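Order of writing sets the chain letters: A, B, C, D, E and F. Residues in each chain are counted from 1.
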Amino acid sequence: MADTWLTTLITATPQEGFELAIKLARMGVKYTQPSAEVRDKLRSVYGEDADALIASSQVVATNFQTIAAANGYWK
Amino acid sequence: MADTWLTTLITATPQEGFELAIKLARMGVKYTQPSAEVRDKLRSVYGEDADALIASSQVVATNFQTIAAANGYWK
Amino acid sequence: MADTWLTTLITATPQEGFELAIKLARMGVKYTQPSAEVRDKLRSVYGEDADALIASSQVVATNFQTIAAANGYWK
Amino acid sequence: MADTWLTTLITATPQEGFELAIKLARMGVKYTQPSAEVRDKLRSVYGEDADALIASSQVVATNFQTIAAANGYWK
Amino acid sequence: MADTWLTTLITATPQEGFELAIKLARMGVKYTQPSAEVRDKLRSVYGEDADALIASSQVVATNFQTIAAANGYWK
Amino acid sequence: MADTWLTTLITATPQEGFELAIKLARMGVKYTQPSAEVRDKLRSVYGEDADALIASSQVVATNFQTIAAANGYWK
């Protein structure tokens, strides 16, 4: 993946940090499944699947731990 | 998501921190499934599914780690 | 949830800390499924389901990490 | 559970720490399913189920993180 | 596995760290299933399976925690 | 388990640390299923199961966190 998409873990606010955590979760999927078409098709399915949504939130929570630590918890 | 919903990880008590962890878990779902209608429909299903409830509690536990660390464990 | 149920993460012993971790795991479920009747019904099912019991133990382990850190590992 | 079974996280060696992590994983199950008879029955099933064995190893890994930190990584 | 494939956790940028996290996730699979042929066959299946993609992203998130800490969060 | 198999978490290189993480993941299984015959039988099955391979990589990632911290991230 030649694009630059992550230059820093520092964000201005906790909410921006949370949104970066979501981006990391999605990029973790994208590196394994690079086709936007396939990912869009899958999203329409798992967006209605409670188990998949909870599992997604788990990935976000894990990435948010990393980002929160990087930002000194925005204290 | 234009709304501001997370300005700090600091809470007055551990219980408020736990409740913020629950909010983060739900927001992790909401960013993937923005429709309140769909989320409500799903909740009525997984609220009676032990596996989904345990998985939800896992996401809360992970977010609570982050929040507890941010608050110096309320010591 | 108006009740106060968590005022501190500090416990006298590691075992009390582990028992608090179990309480947090259960509260993580309770916030999503507030009905004691439904939770009791589910428990009688997943109490005989190895996968659910192992997943529960995973939630406890995650919460115990938080509580152990809060207590300086009771050293 | 009135018995005292956990008085310290400190162990003499990493291996004893790993074995304590296994004990914590099992106690996480026991608090939810107190019947030894039911647990023994379940173990004979999931002991032949790769998914359950891997999930068990995940719980042990999480508890071992806690115990290793408590022991300063036995350095 | 006689090859040398991991000599440092230090990377120049967060993105390179994320890409190393992906490599670690894949190596965690490779040590269990050394056959490239089998792994390629499996990838074509789970690349279209939302649950497997989310689970993969979870492994990457966990490895990224380690690498981010090793790099002092690239601050 | 009377054998001594883990005397230190310190390794010379990150790669040796990763390989130790794999050993810990396998030992987490072995303590629950001591029969080498059963484990070999299971491995031939889950080695072709993407979900199980990803779950295994998750356990390795968790153990690698512990070992990397123990080694000061080999800096």
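Please note the rule applied: a residue touches a chain if its C-beta (ideal position, glycine included) is under 8 Å from a C-beta of that chain, and two chains touch if they have at least 3 such contacts.
The shown structure was predicted, so the numbers you read here are calculated from the model rather than taken from an experiment.
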| item | value |
| --- | --- |
| Required minimum of steps from chain A to chain F, each step between chains that touch | 2 |
| Chain labels contacting chain B and also chain E | A |
| Numbering shared by both copies at the chain D-chain C contact, with half separating same from different | different |
| Chain A on chain C, rotation in degrees - Cα superposition, rounded to nearest 5 | 120 |
| Chain E and chain F, separation of their C-alpha mean positions in angstrom | 15 |
| Separation of chain B from chain F, taking each centre as the mean of its C-alpha atoms, in whole Å | 31 |
| Two or more partner chains touched - positions in chain A | 43, 51, 55-56, 58, 62, 65, 69 |
| Overall pattern in which the protein chains touch one another (line/ring/star/complete/other) | ring |
| Ring walk, chain E to chain F and onward | E, F, D, C, B, A |
| Residue ranges of chain C touching chain D (in the complex, touch as defined) | 13-15, 18-19, 22, 43, 47-48, 50-51, 53-58, 60-62, 64-65, 68-69, 73-75 |
| Chain E-facing residues of chain A, complex | 1, 4-10, 24-29, 31-33, 38, 42-43, 45-46, 49, 51-52, 55-56, 58-59, 62-63, 65-66, 69-70 |
